[in-house]
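Both complexes below contain chain A, partnered by chain B and then by chain C.
Coming up: the complex of A and B.
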């Protein structure tokens, strides 16, 4: 037997260490489709509790939309359950290409390639288009999947301070000797919900002859006037060299992602990106659902507009109540608590009040930056948000944090 | 592994600092590796790689490592500056797991 007692004990100790550090991730069983209100079994074995969901990426409320469900059923009936193949052998149906074309049109790019997830798109894209003659200059708060993708690539890696355009410019000047420079950023940063200064980044890219890459996973479908993403919001639609995004958040929430951008770069991914080459095709049922999602978001901005109204309302309610929230316009609204135990205690108490949120603390966020990350959805009604705000105010009052500054919260609870 | 101590007379008033000692250690390690390392298959291995179409180069390099609990970062470079610079950026990008 290869799995010795010594090996077992080693892993038990590792898991115990994770628990002692307060970093153990526990899954919560949801007994309902994804929506604004769901039934959550937590802890495991407890009767499911009906709660308002403020922690999903279901930004446009399309995860359980009846038209998307009907389309998915149709996909299942017409094109089967799975492809049993990678794309380039016998795994590409005409609908895969249709969806790629729709995404290209929507994102304002030249071509698109589907991946099993955006994690896979980010893991594969850099190695496919850059090599050791090149440099990647990344914002220091980019998503973990981008960091993994950069590590798989032979290009030199460099970084600039978060959203610091002067620092980015210094780096671009420093790397003028490289063949290609690629600026890499998230459109919306998942930790703080803030937006990349995409117009300034694109301008620097043009000035210093650098490619511009953005992961629009937390913005595709709803940022910008017609929901194209942060590049639309910042007025640089059509100027992005590479966009990666996901079908797993606003755009239906199932799974799948893509690389979209300059035609030749996308073709290089089709030829060389290993997660594309060695993973099964996105299932037909998801492609059909995603095609319907694209139809819905292209036809009307109704859901995007409702999300914007909900976000403004939620930010206003929390600010008026005296919570310390990260300023911004994104639909990720972090409630800052600074202390890890406080974040966990408040999340637990809110759950008892029927509000589902999760406390984030080190190492997910930097030390002393613990918070509860709330996320808005077009599926939310104002009445639900007011109910959630009421619970936040009740629990915030219990912990005496309302109207308190960062310094005062830290004085009360420590970092 | 055995070690040998070598005494080197230094000019009056000269005391080697940590960097000098690191440099001396690296030089002697390189000499030992190249002259006395028991690695007769070196040429054969190189040839085998070349037979698969690879252009092979090898040489001495600097390595910089950083440990933090479970985290490990490592970078190499032709100079200490290059290795440490790369290591710095690896650690900057690995500050936290990040939010999904």
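Coming up: the complex of A and C.
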């Protein structure tokens, strides 16, 4: 037997270390389709509890939308369950290309290539288009999948302070000797919920001859007047060199992602991006569902407008109640608590009150920046948000944090 | 040695602390385990040291442990400067 007692003990110790560090992650079993209210079994074995869901990426409420479900059923009937192939052998159907064309049109780019996920898109894109003659200059708060992708690439890596345009400009000046420079950012930053200064980034890209890359996973479908993303919001639609995004959040929430952008860069991904080359095609059922999602978001801004109203309402309620929230306009609204245990305790108490949220702390966010991340959806009704705000106020009162500044919360609970 | 420490400390403050960040960086302040520098942005520090002191630090030696304080970084620089 190769799995010796020594090996078993080693992994048991590792797991124990993760638990002692307070970093052990547990899944919660949901006994319902994804929605504004769900039934959650937690801890495992407990009877499912009916809760308001404030932690999904179901921004447009399309994850269980009847028209999307019907389209997915149709996809199953017309194009089967799976492709049993990578794209370039016998895994590309007409619908894959249709979806890529729809995404190109929607994102305002030149071409698009589907990946099994945006994690895969980010893992593959840098290596496909850059090499050791080049430099990647990334915002320090970009998503983990981008960091993994950059590590797989031979280009020099550098970073700039979060959204600090002066620091970015210094780095662009420093790297003028490189063949290509690529500025890399998230459109909406997943932990803080703030938006990249995309207009300024694009201007710097033009000034210093640098490509601009943005991961729009937390904005595609709803940021900007017609939901194209942060590039639309900032008035630079059509000026992005590479966009990566996901079908796993606002755009249906199932799975799949893409690289979209300059035609030649997308073609390089088709030729060289390993997660594309060595993974199965996105399943037809998901492609059909996503085509319907693209139809819905292209036909009307009704859902993104409702999400915007919900976001404004939620931010106002929490601010008026005296919570310390990260300012901004995004639909990710972090409630700052600074102390990891406090974030966990409040999330637990809120769950008992019927509100499902999760506490985040180091190393997911910087030390001393523990928080509860709330996320809004077009599936939420104002009445549900008011109920959730009531529970937040009750629990916030219990922990005496309402109206308290960062300094005062840290004085009470430490960092 | 003290010159190296001052130069490294000044660089860390300038490169990694945000404007509103009021943390104080001493020579023994944990940088990586303390969450001031993460392993991703550590590469700019390595490149700064290599350029400033005309040295080459192999990746195997540029570990998070070796970069975890101004004191440790200064030791590392001196070790490679003497090679």
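We take it that the second predicted complex is superposed on the first by the 415 of 415 C-alpha atoms of A that agree within 3 Å, B and C clash if a C-alpha of one lies under 4 Å from a C-alpha of the other, contacts with A are read in each partner's own complex, and residues count from 1 in each chain.
As a convention for this text, a residue touches a chain if its C-beta (ideal position, glycine included) is under 8 Å from a C-beta of that chain, and two chains touch if they have at least 3 such contacts.
Because the structure is a prediction, the values reported are computed rather than measured.
Participant: Name the contact category of A:373: first (chain B only), second (chain C only), both, or neither.
Facilitator: Only chain B; A:373 stays clear of chain C.
Participant: I'd like to know which partner A:38 touches here: chain B for first, chain C for second, both or neither.
Facilitator: After superposing on A, A:38 lies clear of both chain B and chain C.
Participant: Would you check which partner chain A:389 touches, where first means chain B only, second means chain C only, and both and neither mean what they say?
Facilitator: neither
Participant: Is A:143 touching the first partner chain B, the second partner chain C, both, or neither of them?
Facilitator: In the superposition, A:143 contacts chain B only.
Participant: Please indicate which partner A:162 is in contact with in the superposed arrangement: first for chain B, second for chain C, both, or neither.
Facilitator: Once the two structures are laid over each other on A, A:162 reaches chain C alone.
Participant: Just chain B (first), just chain C (second), both, or neither: which does A:350 touch?
Facilitator: Touch status of A:350: no partner.
Participant: For A:294, decide between first (touching chain B), second (touching chain C), both and neither.
Facilitator: neither
Participant: Once the shared chain is lined up, is A:364 touching chain B (first), chain C (second), both, or neither of them?
Facilitator: first
Participant: May I ask you to decide whether A:333 touches chain B, chain C, both, or neither, giving the answer as first, second, both or neither?
Facilitator: The answer is neither, since A:333 touches no partner chain.
Participant: For chain A, which side has the bigger count of touched residues, chain B or chain C?
Facilitator: B
Participant: Please report the chain A residues shared by its interface with chain B and its interface with chain C.
Facilitator: In the superposed arrangement, which is not itself an observed complex, chain A uses residues 138, 140, 147, 156-159, 362-363, 366 for both chain B and chain C.
Participant: Looking at the complex, which residues from chain B come into contact with chain A?
Facilitator: 86, 89-90, 92-100
Participant: What does chain C use to touch chain A in their complex?
Facilitator: Result: residues 16, 18, 34-35, 38, 40-41, 43-44, 47 of chain C touch chain A.
Participant: Within their complex, state which residues of chain A touch chain B.
Facilitator: The contact residues of chain A facing chain B are 138, 140-144, 147, 150, 156-159, 190-191, 360, 362-366, 373.
Participant: What does chain A use to touch chain C in their complex?
Facilitator: 138, 140, 147, 156-159, 161-162, 164, 362-363, 366-368
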